[in-house]
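Down below is the structure, laid out as structure tokens.
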Amino acid sequence: MGSLLQVRNLTIRYQVDGAEPHHAVNDVSFDLVSGEVVGLMGESGCGKSSTALALLGLFAKQRAEVAGSIVLCGQELLGMKEAELQKIRGSKISLVFQEPGIALSPMMRAGDQVAEVIHAHRQWSWKRCRAEAETILARVGLGSAARVFSAYPHQLSGGQQQRVVLAQALCCEPSLLVADEPTASLDARSQAGFLALLRGIRSEFGISILLISHSPELQASVADRLLVMKNGRIIEEGSFEGLYENPLHEYTRMMLRRPYGVKNESRVEADAVLQGNSFDE
Amino acid sequence: MKRRYKLWATFAVLAGFHAAILFAGFLAPYSFSAQDRDAPYAPPSRIHFFDSHGTFHARPFVYGMKDDPENYGTYRVDFQQIYPLRFFVTGAPYKIAGLLASRTHCFGTAPGHVFLMGTDGYGRDQFSRLLYGGQISLAAGWIAAAFSILFGAIIGGLAGFYGGWLDDILMRGGELFLALPWLYFLFAVRAALPLQVAQWQVFLLLVVVIGLIGWARPARLIRGIVMSAKERNFVTAARAFGASDAYLLRRHVLPQAYGVMLTQMTLLVPQYILAEVTLTFLGLGVGEPMPSWGSLLASLQQYYVLASYWWMFLPTVLLIPVFLTYYAAADALQERVKSVAL
Amino acid sequence: RAAQRKEDLMVTKNAPGRFGGSITVAVRSDPKTLNPVLAVDEATREIIDCMNADLIHINRETQQTEPALAKSWSVSRDGRTYTLRLRSGVRFSDGQPFTADDVVFSFELYLDEKIHSSQRDLLIIGGKPISVEKIDDYTVRFQLAQPYAAAERIFDGLAILPRHLLENAYKNGTFAQSWSVSTPAGEFAGLGPFRLKEYVPGQHIALERNPYYWKADLQGCRLPYIDELVFLFVPSEDAQVIRFQAGDTDLLSRFSAQNFAVLQRGQAAKGYKLEDLGPGLEYNFLFFNLDNLADKNLPEIARKQVWFRDVRFRQAVSAAIDREGIVRLVYNGRATPLWSQVTPGNRMWVDASLAHPPQSLDRARELLKNAGFSWNSAGNLMDSHNQSVEFSILTSSSNAERTKMATLIQADLAQLGMNVHVVSLDFGAMVDRLLNSFDYEAAMMGLASGDADPTAEMNVWLSSGGTHLWDLTESKPATPWETQMDQLMNQQLVTMNYVQRKHLYDQVQEIVAQDLPVICLASPHILIGAKDRIGNFHPAILAPYALWNVDELYVQ
Amino acid sequence: MNEWDNGVLVSVRSLSKDYVQRRPFTRAKFTIRALDSVNLTIRRGTTLALVGESGAGKSTLVRCLALIERPTAGEILWNDVNLLALKKKDLFAMRRQIQVIFQDPTSAMNPGMTAGEIIEEPLAIQGIGTGSERRQRVLQLMEQVGVPAKWANKLPMEFSGGQRQRLAIARALALEPKLLILDEALSNLDLVNQEMVLGLLRELQAAHALTYVHVVHDLRMVEDLADEVAVMYEGRIVEQRDARELFARAEHPYTLELLAAAPALESIVAARLVRDCR
Amino acid sequence: MRYLARRSAHAVLLLLAISVFSFALLQWAPGSFFDSMRLDPRISSQTVSGMRAEYGIDRPFVVRYARWLSSMLKGEMGFSFAYGTSVGPLLCVRARNTLLLTSSATLLAWLLAIPIGIWGAASKGTWGDRACGMTMSALLTIPDLLLALILLLLAVRTGWFPVGGMVSAGVGGVDFWSRVADVARHLILPALGLALATLPILVRHIRSAMIDALESPFIGAARGHGIPRARLLFRYALPAASNPLISLFGFSIATMLSASVIIEVVLSWPGLGPLMVQAILARDVYVVIGVVMLSSVFLVAGNLVSDVLLFMSDPRIRVE
């Protein structure tokens, strides 16, 4: 499989009013192969979301300075014209925003927001886009899709909002999905469902995923490879089990291992219950 | 960094404008009421360095004027008379910033006249009148606009924040205000004032009245925003800390209307300055011989001025950058106080 | 019966013109009514006059009376009985004959107290309404309570109305509502050169040729020449000027000297001509509040009235005024300075021997000094109680010229050390002060009587007159010169001999110039524009300036 | 026997909350029952974990508890006092006792205020300390939650998601409340920071006998941090138990499902290794 | 529905209040219609006072108000001293013309202002935006009257537009469509003038609200989903910026009857404007009150519309 995304020497500096610029991302390089799921982990504030935003070229000039190179399917994204970027965003590369609460327009119904994304990339009638949006919403686990469809974001629970955002990202079947904490406000059952969904589309369409998540469980379940970031740099890279078993840095170990819970005996029983319940369906 | 620089730059320019107006007495070569009955509607004096023979003069000069015998009421340059421009000349007495008496003017000519922007129908120097005019116009515009916005913010804020019957009462009250024929009120106020009150005071008073009456529009705009703003999560969050309504309004809700308030302000100041054009039309203007920007513009509204005396437009043209700087300042301020409308 | 009579056409002396075409004129506002009895304002009258005719008419060019619907008249020896012979065979615009009944009916309307015609007062002579009597179908007799010098002239502008159309309304008491602007065109009939064709509110009123009009030209062709006369309603003067310049309208009157200058520039190319007819009858003046303020609470003004009542003070003010400056700066030179109320345009009545002293500040200072005024170190004028002389001049904001004059006077008087404020109020507010509250110090006004004859001015100069602006509280003359003026005015009213009357009126003018109840300033010239293609165009200084001979105008 | 003697701090009795939503064009109303007669007891000095499916009504319950949403029916008793019937003045004092960290911390911060101002706000509103004391406290709080104090002048949108969440925690802690409600307050934090915040909370609990209601979706954390667990499902509390007990003796089918959906990390890693070997 | 009913009830009360206050204000203003008649030397003061009595000017306030109210209920809307007829029919035709003018001008102004304002916000800080700001402040500096005169001159010089009026003289007879075309041609200039006069206010508000809206994070998110720029501006940012614009829109309905006075006077559009100016200056009070009442109805309607739109556009605002 060919390389889908090449990031070279990505550097992001935030312009801060009245203070010196803040280096959020420093000289980050990595590759992503088609169909691959790469996990990105790291301490809060280490620059993960910034990297994700940079991949989609979402920085305004006066806010941040972005340098380096981002090549997607042989196209350099940095410095690309906004109009061309617009065609790529959402259809080739799409992003699940970290905080759904602020990523949704408060003035539009949830269903319409999904439909808008479809409408932007498909030459479909508006009616068809809406129908498609409804099926996608159902697929991301919004059981009462009709209600959610016509609800405004402030009428939805955190989890519901997150799934709307997920639906937006998935609706056009992008070749690269950048998911920034996609399950942060999902309960365990919904998370499992989401994982199933990811696997499903991955096997179905062969999309690659850059998965940003703090949850080692999530990373362990889906990520083929793991990048560990610290202070804006990638400090370690490798397969999950490799890093889990013998990390180079203490930092990595701390990111991956929960300091609690393991010692609890009752947990063993629960584990036993879970044994049969694999995610592969 | 860049943003801050922009704000200060616009403020500096504004400060410059205002200083020029404050020190009008010094900058203006003539008194605003000095009539030169031999030179009504004289065109602007051109400032020369070279005379008609091509000789260079280190000191800039203006030519004299004489009546054009062929066209009544127009002038010709009199190349015989050369009046050098002098600086810090002694002329009509005035008060610096309204306090210190002085007779020194920034520039002028000893004999002859220098009319930088021509003269009006009485032969009064337009440039001087423009400078002096700003004093009353700016004061009027600012005061009235401030009143409107202040009342608008208070009333619109309360109506939008509490809703219900309070909203009904305040907004219906606003409608009542908007609907009444205020012209009559102004007539009445003007008529009720004694004749001895100075005209510019009357005018200022009327503009303030207009400003007081004018709260209804900003109030409605602000109310709309407040209605939406008070439902935002951070307002709820502050409520959970026990914030009082006054605090919420002041700290969280009204700031979301700053953008609209600023916009209203930048629109209202010019509008109130120009309100005088209408007031003059109704006989409620600042009154002769006091100049004001409104009255300068009001004189433009006659066809013959439009058709014959292009320099009468110069005040308008000069007002554009002033208003534009207000906009720029408002823009810069808006960036500073911006509240993301989410 | 009457219709069988031979038609008694009036033949005009003008050069014969061409028939057909239409003329468009702009007026400031819609007509308020089309009923001649109720019409008050200028625009309304101008339109109504084109559709109606009077018995005796004042020729606007000669300023003399001439026969109209009355082909001749005779006056009794005592000057109290007028017998008018009417033209026979004349028809209204609907084809119905005109007889003495219509005249009697019309005067009944004008004189009816309940109708409140603004013309009624003109018909009250010596405190009694004139009486009308039908002698036969074509003769009427008018009885006056006292001899009246200008009796013939009162018939001017009194339209004769068709009894057959209006009698019912009058009897039902609905006359006040009849012939309003919403009445259909078919219900009108008049004796004027035109009749109503169409009225579109706010836009225009179109009149068409009256086929029964009673005038003919030298060749015996029935007037008027033009088929259609359209009045456009253009509310602003500037818009009128621009539309005239654009060729939208054919005639233009009532515009400022400045606009005259603008129009002059394009004159040749645009195919119109402009005429400066010299001063009209309007006179602008400054006057001081001489009302008796005893029962008003206006101590400040009452204090200043001590100055105002001093004739030397008024003379000083008059002497200080730069009338030439006013003419030049306010009117671009298209006005005539005035020292009394009669303008040189009023050829029959102007006192040519009146002195025209030029501006003289020295003389003014001299007069003030004699009156006990003095100057302090700052150059301010102080009265004998050492109060500084400061007063305000009230002007109407709707009249830019008068405000401008006041501003010039302000600067003139500043040279005398007087501190003068110009207070311009809207007309309503100003009039309220002049007439009701008397809360003013000095004011500027202009008056233009509709007629050149001095009788039109009675209300102004008689001390009991309703337009005796400077002192409305007065019922008996307060000063000797006022007594004399009352006498002179009353006397000229009953004097039938022109030379004697002129002598009396000259004396009035001299008193005005000397004692200055009002300080006359200037009279603007009547300025007229017309398209070159308008024939028989003979504008006059009396209103309607260009349209007075509309029946003779033609389009080349 | 009086339940307050058992150390019950808050008792929620048959609390219901209905939301109204309108259909797009017809504008027809329909009602969403977000809470359906919820009964809940919260014991003083303990941590209650609230788990449940997304949309189950956890946040709604939290908002009702925090007295920023009026329930449709029911009562909330705090030491015998019905909080819903409180007068304005008492409510003001009560607010200090109950603090909440919202699920969506960003929208709960005024985007025009700096981080320092945001954290200082509750102190200022409640009138605690002088200006400089408050600022001192703000910096201290920021350090405690692991956000560099030098960033006190940044605007909220200039922080990362996790940092904003920590600012929210700092703000809630500022008033030292008796009852602290955390609505998924750790969801955006990495393990290290989670542990750090939890440590802080534990410390405070030990020192001041604080009571926590903690909405979590990560069952793995529950037994570590909670004394008691309440499971919500479709607007109702279906189970309330001792945290340890829950894993052993869960009864409600939904609870069982929930437990089943959260495998332990070891098992996943083991599964991966197995898969790799195959 | 209940809301509308309540608002209508309020509106009736409000209109009553407006009429009472207007009456009081008119009472207070100096001068009366008959004063200027007294300046005519040919009319005696007895005649004038006779007329005053006839029209009931001297009656007490309450009596006059009651008389006016009853004539209002009959649809006459009082009596015009100048025209000697009832006010209702007088206003009717002109109100229609004014409405035609102002509604087309409002439409034009919004159609121009929305793209300009949005474009200004989207290209904030560019030279284009600055030039646009300059034009707008120039427009704001130019008094309406001057603007109207300039347009009139434009019409005269170019000959492209009819110079004032509403129909050409003599089109009475021709068929309906050419009459419509004729009116449309006459409409262009005044509508343009009116639109230009309100344009800077609208543009300024739209631009500023859009700048605020465009900085919201959800716009960034929408960008991230590849929403095309036009849709981003119109579908995402515009609704978020719409709040003050809706209030403004309400105003533009509210001021439909009174906004065009000067333009009407200069361009001789046969609307309420010239009538009202004359009535105000001549103190033809019932005409003034008639106009005031008519515009109050529009005011109430405009604000109602803006409130309903506000509730509909912003889901977060709760209707009580």
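To keep things simple, chains are lettered A, B, C, D and E as they appear, and every chain counts its residues starting from 1.
As a convention for this text, contacts are C-beta pairs under 8 Å (C-beta built on N, C-alpha and C of every residue); 3 or more make two chains touch, one makes a residue touch a chain.
Here the structure is a predicted model, which means the values were calculated and not measured.
Visitor: If each hop has to land on a touching chain, what is the smallest number of hops from subunit B to subunit E?
Guide: Shortest path length, in steps: 1.
Visitor: Once the contact rule is applied, which chains count as partners of both subunit D and subunit E?
Guide: A, B
Visitor: As a test of understanding: of all chains, whose mean C-alpha position lies farthest from that of subunit D?
Guide: Result for max centroid distance from subunit D is chain C.
Visitor: Looking only at C-beta pairs in contact, point me to the busier pair out of B-D and A-D.
Guide: Output for the comparison: A-D.
Visitor: Of all the chains, which has the CA centre nearest the overall CA centre?
Guide: Central by C-alpha mean position: chain E.
Visitor: What whole-number Å value describes the gap between the mean CA coordinates of subunit A and subunit C?
Guide: A distance of 89 Å separates the two centres.
Visitor: Need the CA-centroid distance for the pair subunit B / subunit C, whole Å please.
Guide: Going by mean C-alpha positions, subunit B sits 42 Å from subunit C.
Visitor: When the centre of a chain is set as the mean of its C-alpha atoms, what distance in Å lies between subunit A and subunit E?
Guide: Using C-alpha averages as centres, the distance is 53 Å.
Visitor: Return the residues of subunit D touching two or more other chains; collapse runs of consecutive numbers into ranges.
Guide: Those would be 104, 107, 157.
Visitor: By the touch rule stated above, which residues of subunit E touch at least two different other chains?
Guide: 29-31, 149, 153, 217-218, 240, 314, 316 - these are the residues of subunit E that touch more than one other chain.
Visitor: Could you pull out the residues of subunit C that touch at least 2 other chains?
Guide: Correct list: 238, 242, 398, 426-430, 432-433.
Visitor: Considering the complex alone, what residue numbers of subunit B touch subunit C?
Guide: Against subunit C, the touching part of subunit B is residues 33, 35, 37, 40, 72-73, 121-123, 187, 190-191, 194-196, 198-199, 280-285, 287-289, 302-305, 307-308.
Visitor: Considering the complex alone, what residue numbers of subunit C touch subunit E?
Guide: Interface residues on subunit C, with respect to subunit E: 24, 29-30, 32-33, 38, 40-41, 113, 116, 118-122, 124, 176-177, 180-182, 198, 200-204, 206, 230, 232-236, 238-239, 242-243, 245-246, 248, 398, 426-433, 435-437, 445, 447, 449-450, 456-460, 465-467, 469.
Visitor: Name, in rising order, each residue of subunit C that touches subunit B in their complex.
Guide: 237-238, 241-242, 256, 258-259, 261-262, 300, 322, 325, 328-329, 332-333, 390, 392, 394, 396-398, 400, 403-404, 406-408, 410-411, 421-430, 432-433, 439-441
Visitor: Tell me, which parts of subunit B touch subunit E in their complex?
Guide: 163-164, 168, 171-172, 175-176, 178-185, 187-188, 191, 217, 220-221, 223-225, 227-228, 231-232, 259-260, 262-263, 266-267, 270-271, 274, 277-278, 281, 297-298, 300-301, 303, 306-307, 316, 319-320, 323-324, 327-328, 330-331, 334, 338-342
Visitor: If you look only at subunit A, which of its residues touch subunit E in the complex?
Guide: Per the touch definition, subunit A meets subunit E at residues 53, 56, 58, 82-83, 85-91, 94-95, 97, 102-108, 116-117, 119-121, 152, 154-155, 165, 168-169, 172.
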